[in-house]
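Before I ask anything, here is the structure I am working with.
The chains carry the letters A, B, C, D, E, F, G and H, assigned in the order they are written, with residues numbered from 1 in each.
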């Protein structure tokens, strides 16, 4: 049944990116938004990439979250083959701390957009929140849950800092 | 009449950003998507920022495109006060070529997302295309126009490079 | 009684910034200058930010020290809503070592100044010393204590390096 | 007469920095705040530097604005020899666009603070505004003029961008 | 006739890259090595990319030179779909001077190599020379011509610098 | 017997580079391609460098893989004295994470090419794969083994990420 | 007796720099060259700096090695007050890995030179070797010892890498 | 006659570096110090490099100034083959503004020192001044001329900035 198709695809270049991208999954779960997580390597499995990207709309996905590190081509190449909104998460790379990942994802040429989030965990969380914001435009329940999530977040900020036990 | 409200707000920190952000406006026009462009300086008009960001959903906007340069706080601060999707465009700065703009926009902490596009003109065009992709999820006509736009773009790429007249 | 209001507000984006900003607090204490430390997240608690910044002068604060990391908007947004001097401390970020924090704070556009200090602990100490220098302009006792602090600092520099026990 | 001593010293490493630092002077003039501008090269006139920095408080200066480029040592060395607040302006350098100037000024070790502003013109304007904010703490007239300046600035931001004549 | 197939494919992301990549073509011509130049945009013509990359070996190409700028995905994606040696040329980008192009091309993950040359014109010339060096391993005539080219290059370096007419 | 000469030379600036360059050796072994690994310091053993580079072709090497860190001159200087293809591996440096190694290797002037791979381990693996791709042009067995290696690599990419045991 | 005055002064900004600068001392000792190591903080002990730099020639020093980190002003300020050759060592800083130290030392304006070495330990060793090279110009014994040191260094480079015990 | 041999060699990678390196020559002339300028390309004329570097001491040179851009290997390779002091000038490169030149020259490994000056013109002037400082250690006349040069430089710094005619 179409209504049960997960709305969000979370794709990543390798198993090692899951440690970062799991934060996107956890955030979507906290918002009760369906997702499916897959490993798709732009470089090692280009056929899988083509077939996923071209078929994503028909599979029922509405938003794609793509995380990759180094010369990160997954988000941009996915965006080149689907008209769905693609949000990119630069995974922190070992040698250059994700500066290469960030530039490889965000500096797309005019014509094919990738909405890029912060390097690492913060970016993965925010990709999920941005996906939720998009879905909320036409889903009152998600909109309400997102508003609540944001309100809880604001309320959870303490007024004063405290010394932490050493 | 609500249906006539433009779906996209294009905001920018100053008149000087218009040269860049106009590319977002032009792209939306090419896709026949309504927009409204405003100058809102996070630093020089903080009240205008608060009142815009808090009221954007009620004004009927569905997507916000925010462009700013240097210590670019407009996209992130807008996102902090609305649940609408916010897409940020780092305007090329004079001294650091937009590296400061990019980091100030993309490196948002977990909790408040800004989908960031490329520095400068390419980013402005792509912010419009990303907004279109979001709107297309629930608007078949926009979806069709976006597909056509993308198809035309692909078709317009020549097969062979040519020497340009000097 | 107004005279007892702390002269310096130390604000920071989150509890995790306290480890850095505590150095500002400790330095103010060493100079016997009153302060109050609060958590104000530009992104997660924008209302708290607006209300603090607009009311800071009436609360009796004379100098504001603001620390934040990543896309650090707290110092600049505070400065946009108060005429008090604002000194910014770029907190060392996980992925980019505070380069993003530094550029997000220091590259303010003409019109709204933030006096920016070094990334991390050194910046927090120095923000306190700079606040003291400002207060010392009209407070002889602080001026004397600051002079003594600086003299002690100079005197504490050994003439020769020594091998440290391994 | 002491009351007529200019409150702000604007110092710079060379005549070529004046193009940038003049913006600090112009801003102070707009606020009707007295200043004196001098060339003091940390490297080519170290004696002038020592004598200026050590004597600045006795000369009646209350705030020092120091601009320099490249391996910019003037702000930090001045701060090492005076307890007055020192605000540094990184002048845009030819080869590295002021990244060297910025790091040479802002990354001061704990103990000697320099409140650093943005690279180039924006930083020079803002150094003057920050000096005004400091002086305003004990000078109602300056406070009023600064508030008016800021209000005028906010009011001058147009609501909508306009296409500029080509 | 297979022997007449050009040995080198020069591909680039857009017509605007030709100004740079023409230097590779010119160098191959100077070495009398056949080539074919094509525009293949990884982002705007992904199908063309897949079909070129998968068919390049069968078309008779032995070496692929790929130039692209910004988030440059063309060299790496080509390499993911062919076992032929791929040499990448980072085209100088407008905002970040090719630093984004360089990192997007060179920082490939283990498994799919792209031999990367310098940013811009020098890189295009050298990609051709590296292709020649590869072809020379099994083509004595190319080896001889390459040796001569290098010898002429060495001989052309003047012993003493001369003042150029102003 | 000439046929038994290893086809690939792996040279590196010091014993400490072996930890990185061993990955090139391991990859060549996996592809059953002969190699010889030597330490040649451009700076500490310039004579060894000259004699190796000038004699490499006569020794029977067909491809040279050169790894070095910091101001990495080994790949470029080797390329200046041999017409064989040289592939450079920027070893991750302690202070600048290999950014210095990368720029010192990749930014060669027009005339002397070095095909540069990624910083660190990934670059070493890929240098071997690129050498294999070059050798495969005229060695069907290597071509088959490389195709198999690549196919195995693609097949080994799991479809879904899994939570790793903590 | 003048002849016994150490030829080299090693100065550094703080005790914490000694861990790095000790490598300069050790290298000078290996070459049997006299030195004296002192802590001189440009910022915390400016008087000590002035008095050292102006008196260094009269104290009999011939070469000054100066190490500092962050906004490293010690080498440049020393050079501004002595005509002796000054060699600067950028100490690796905590937040920016010594990039700030390097730019603060090397980017001196025309007129006051500092010969800058690599960041960290390598730079400290090399500052000593460069001092030795300078002294060797008029001291045959040092010249001989330096030649021997360099010859031993070349001879100590193994021909082949070895796997290290894990 | 040996005494008439120029004391300083100025070498550079290509004719195009002369525009920068001429400033070193002009400065030496102003100090009446003999020099000889030669083009030696590490990459295009490696034999010339070896023969120059190994013979420089016997030719009577006492100091070598080496300028190069991009992957600048000339200073370091020269230093590897001579015990004379070598001072490196990073020539401003087209794409990366000399950041590549700087890192390629300054980040030498422990064992082979290059005293590195600023990028571009300032570095060339300062290389000459540093060479003069070295020669002045054993040449009273040069020492006097250098002192005078420095004194004139200090005296030439105006006390106050002046508005330049537009």
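Quick note on the criterion: a contact is a pair of C-beta atoms (placed from the backbone, for glycine too) under 8 Å apart; a residue touches a chain by one contact, two chains touch by 3 or more.
Fair warning: this is a prediction, and the values are worked out from it, not measured in the lab.
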Touching both chain A and chain H (chains): E, F
Candidate from B-D, D-G or F-H with the same interface as B-E, over half of contact pairs in common: B-D
Comparison of B-D and F-H (more C-beta pairs in contact): F-H
Same-site or different-site touching of chain D by its copy chain G, using the half cut: same
Inter-chain centre distance, chain G versus chain H - centres from mean C-alpha coordinates, in Å: 19
Cα-centroid distance, chain D relative to chain H, in whole angstrom: 35
Whole-Å gap separating chain D and chain F, where each centre is the average of the chain's CA atoms: 52
Residue list for chain B, restricted to those that touch at least two other chains: 14, 44, 70-71, 95-97, 99, 106-109, 111-112, 118-119, 122, 153
Touch relationships between chains, expressed as pairs: A-B, A-C, A-E, A-F, B-C, B-D, B-E, C-D, C-G, D-G, D-H, E-F, E-H, F-G, F-H, G-H
Chain G residues within the chain F interface of the complex: 92, 97-99, 118-120, 122, 153-154, 157-164
Parts of chain H lying in touch with chain G, wherever the complex brings them together: 23, 62, 83-85, 87, 102, 106-119, 121-122, 125-127, 129-130, 133-134, 136-138, 143, 146-147, 150, 153
Touching residues (chain side chain A, partner chain E) in the complex: 13-14, 42-44, 46, 50, 69-71, 73, 76-77, 79-81, 93, 95-96, 99-100, 103-109, 111-112
Touching residues on chain H, where the partner in the complex is chain E: 12, 14-15, 17-19, 21-22, 37-39, 41, 44-45, 47-48, 70-71, 94-97
